[in-house]
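Scrolling down, you'll hit the structures one after another.
Shared between the two complexes below is chain A, which has chain B as its partner in the first and chain C in the second.
So, the complex of A and B:
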């Protein structure tokens, strides 16, 4: 609405209505003011939650990390980088970073590729009987509670009676120690994580595939582009924004895996972390340092490192994506 | 021919994904020692006695009630805060409107694991440790909820609000009587997604609660797991208690949940 021009003209042409116009103006201002106030009132509840429980703690994190902070003491002193220098002299810190790297580097590509394959499979067969059911079953693990389903997976990974070794036995392969083995404990958690999360990414890919422009696919098919070539040259570039989104989401999620590591490799080991720290990832170490050993400032220093790592990785992925992602 | 192979492959994949959940039933309702059989048992026997034994010998009812109270309160709060903020973002002009959009989005970018310690300290100072409130309030607002409502309210005809304003209807009344009832799909989606995430919560209750009186089911399960090491029938029966509500809700609303998570329709028929 253009309020300026008609206002001055109106005022000159007809002074009799000038009073009404002023009234209208002040009403307009009151209305805008009212709308502003109502707007602030409506966002206030969620804003408070975000500030107090998310943004506030994010800023507070820096403070704790650079001060020797004690939850039970009233004063704390600035210690600068002391917490970080303690941190880099702890072998278990480096071990946790290595474990996290190992975990992320395997889980993210495997989950992404598997999800893409499943999405293509579900899409190809969507008009055959039971398409909806198959899609639901692939997605189902993602909504199940982690502790409840970890219970059955601990049984599956049981070296003597478990399903995993029964399958290996059936395939005539050597049997493994799974969760009780130093080398296989983390891969076992990876298998659980892929099972639990692949449905989510499959569904994201399916949503991406559903929006592909039909004309392009049909034109390609008429030109004789099919199968692998059609996938490689047409489908893959068209869904690259979704692929990027899935990779970023999977990286952020896997870097912060906690519940399944805690439950699958917990039990007799007390605070979890697997045999010989083999499944102690960064988020597990952050939890243990703070809530088992009550060393809050050291744990905050680790949290800052994790924060920086996730941020860096996301930025790097964004840089790579700018070269590879094709936005329609 | 290739259709046939794809069909078979799909059946195998779907079965493999569902298998672990199927085995929870098999072992929980099987005969004693079913978990220790070689080769593994494949068929459920529907013996409900062990299930009843587990249910009556540990205060699961209490834990289920805790989970229900926490989930229900979270759902109500999320729907209210999301509807309010979503409406403000979609319909109202005020300085900072677009900034609040990014504030909301930014919450999703904060890595949850890195915030645990400062969040714990905040809860300590607010005297919310080991309380129901402490288990609920931090989840009372949700980015996806706000975005869902915002998207839905943007589709409402402007004339509805104009009429409401001319009739002198207050914003809250308009929201309660007109806008939110029209946004029923957004409400349903928010309720479902919030239910799943709060029913499945584990880490937050783990650091927040000391007394077992407040424990939600997932946390109680993890303690039970450590006490009943490899008593598989008891453990799976207990897991079933936590699983059943999710399975029932999923069975009834899976189409809705899947498209809600995907942020759009995932199936498109030719």
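So, the complex of A and C:
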């Protein structure tokens, strides 16, 4: 009896009786089991990679955040919230939170606005000669390896020989210490991050702009609504889902920024996060606590705090979005 | 007297010429329908009048005002788009108010005008709903309303009914036409549906490959098509066209194993002149059974193949010689496969076209058109 039908009301009623159960089992054997096995079989390779290298460590992290765990000792002791209480008494932890906040609050809006502006420009030039090339050039930085381009930017930011100061000199502006200045080190990292990531968000905005219904824009044109007004009243509301997505993605990405800070401010020779902790963000501190000072439990507790922060921020953004985003 | 005049309009996109020397006019209070197959340039024509495209050459006049270079929003045109193009994030009220607000109309005047239009179109209960929650017919009305609130100089409609289902389309057809009869705003309406064109137009324009083939009242175009294309494009089922050989002994013969030779009146014979082969056309509904000399006409014998039942009438598909033909009858009796039928078409209902140019050759005996209904010229 091979009934290749979904579990219907009849089958469910019948399954209460013995005959029904057999029928249900045969249906299950013939169809659902095979479907299920094939499905899981197909995702198995990536599922394994995810379990071992992603979910496994994440769950382990939540575990050791509440223990005193030593990588060299075989046993660990439960210490409750002790790791968190150590954290809040560390000035550098607060400093790192402050740096992260400063970094996110500047990088996310600047990147989003710049990406939107670039997307609007590229949209206007897409049918001109070189339009496609411009798009590729804007996206190009994003596909370069962070560490490699960071090393180039170390040279650009060099106070004596760097391009950045050469430009300032040319513009007859005072020259800066860039990465060696307590005030300018984090902004220097921000400049690099905007340069590296804006291409991705530009492409996302371009995709959003491409879905704008042409006739609606023409209707606005005939209504005499042009320029800024048409942008604010028609284009912006219609691409609001993309804008929301870009903001959430940019927030998560910037809160997790690590590689460029590590490379720009210290690299393998140490000293990353300086000068004077001015570029020590959450993720850098997590790394240093774990792999420089080998306080894995403390570092795990920090990761949990960062996780909670990102989660809260995303939920808040979602709440705001529910009021402001218009889904067609 | 509001009128829209197009003078020698040409339009090219790169190497491709999509409009060639378009001359036409939409007169005061007139409803002109441009009809043609897709890609014939009819939408481009409409977009040029709207100001969404500019012509490569030629002039566009609104009354005595040359508007060729005037931007779209300054032309005071009301346009209804194929997919309505309502602003999806605004309520119906805001959709209607948007254009007026952009023109700095006072809020009280906007409200007053919208109430007026909403009442006319019976969309008052929808004013505070977003387009996403409206049905196709309601969106259609709102789109018309948005074009109407600004009291436009002229109305442009780009296939406005093509997104509706058949039943609603028929209803909206009547409603739009009734609205036009009330407002009397010059209207240019584009469609690929010949039924829509025939039923709604005061005058219609048939286009093909960027040219106007024929322009005139629907009855004119239907009964006196100037080319084979117009003849076949209008009417459902389309006009029958049969290639016939002209015989020196004052008759024509249809192709086939056993060619039937049909004598033709001298008047028609003269106009055919020295041509060897011509197209002969007749409308399916003009075919009648032969009644021994009662009607002077094209007598022929056809073989029945299939019969389509449409309720009130039957469409009979058959052959005359080797040419497939269709005719319409209300009598089902005797209509079975392979039956031979003696049919006739009155001479003034037979159309003759040149085989090479596909243009009409023989002018009719009577210049008047058999049926005349409504319409202004």
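Just so we're on the same page, the second predicted complex is superposed on the first by the 293 of 328 C-alpha atoms of A that agree within 3 Å, B and C clash if a C-alpha of one lies under 4 Å from a C-alpha of the other, contacts with A are read in each partner's own complex, and residues count from 1 in each chain.
By definition in this document, a contact is a pair of C-beta atoms (placed from the backbone, for glycine too) under 8 Å apart; a residue touches a chain by one contact, two chains touch by 3 or more.
As the structure is a computational prediction, the values presented were derived from the model and not from experiment.
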Practice prompt. Based on the superposed arrangement, let me know which partner A:194 touches: chain B (first), chain C (second), both, or neither?
Written response: neither
Worksheet item: Of the partners chain B and chain C, which touch A:179 in the superposed model: first, second, both, neither?
Response: neither
Item to complete: Based on the superposed arrangement, let me know which partner A:107 touches: chain B (first), chain C (second), both, or neither?
Response: neither
Worksheet item: Of the partners chain B and chain C, which touch A:250 in the superposed model: first, second, both, neither?
Response: neither
Worksheet item: Which of the two partners, first being chain B and second being chain C, lies in contact with A:233: first, second, both, or neither?
Response: second
Practice prompt. Check the residue A:225 against both partner chains and state whether it touches chain B (first), chain C (second), both, or neither.
Written response: second
Response to the item:
The answer to whether chain B or chain C touches more of chain A is B
Item to complete: In the overlay, answer first, second, both or neither for which of chain B and chain C A:203 touches.
Response: first
Response to the item:
Both chain B and chain C touch chain A at residues none
Worksheet item: Tell me, which parts of chain A touch chain C in their complex?
Response: 213, 215-216, 218-226, 229, 233-234, 237-238, 326, 328
Worksheet item: If you look only at chain A, which of its residues touch chain B in the complex?
Response: 32, 35-36, 38-40, 42-43, 45-47, 49-50, 52-58, 60-61, 64, 71, 118, 121-122, 124-128, 130-156, 158, 160-163, 166, 195, 199-200, 203-204, 206-207, 210-211, 252, 255-256, 258-259, 262-263, 266-268, 282-283, 286-287, 290-291, 296, 299-300, 303-304, 306-307, 310
Response to the item:
The residues of chain B that touch chain A in their complex are 3, 6-7, 9-11, 13-15, 17-21, 23-24, 27, 35-40, 80-82, 84-85, 87-89, 92-97, 100, 103-104, 106-107, 110-122, 124, 126, 137-138, 140-141, 146, 171, 196, 199-200, 202-203, 206-207, 217-219, 221-222, 225-226, 229-230, 232, 235-236, 238-240, 242-243, 246-247, 250, 254-255, 257-259, 261-270
Response to the item:
As the complex stands, chain C meets chain A at residues 50-52, 72-74, 77, 79, 81-83, 85-89, 98-99, 102-103, 132, 146
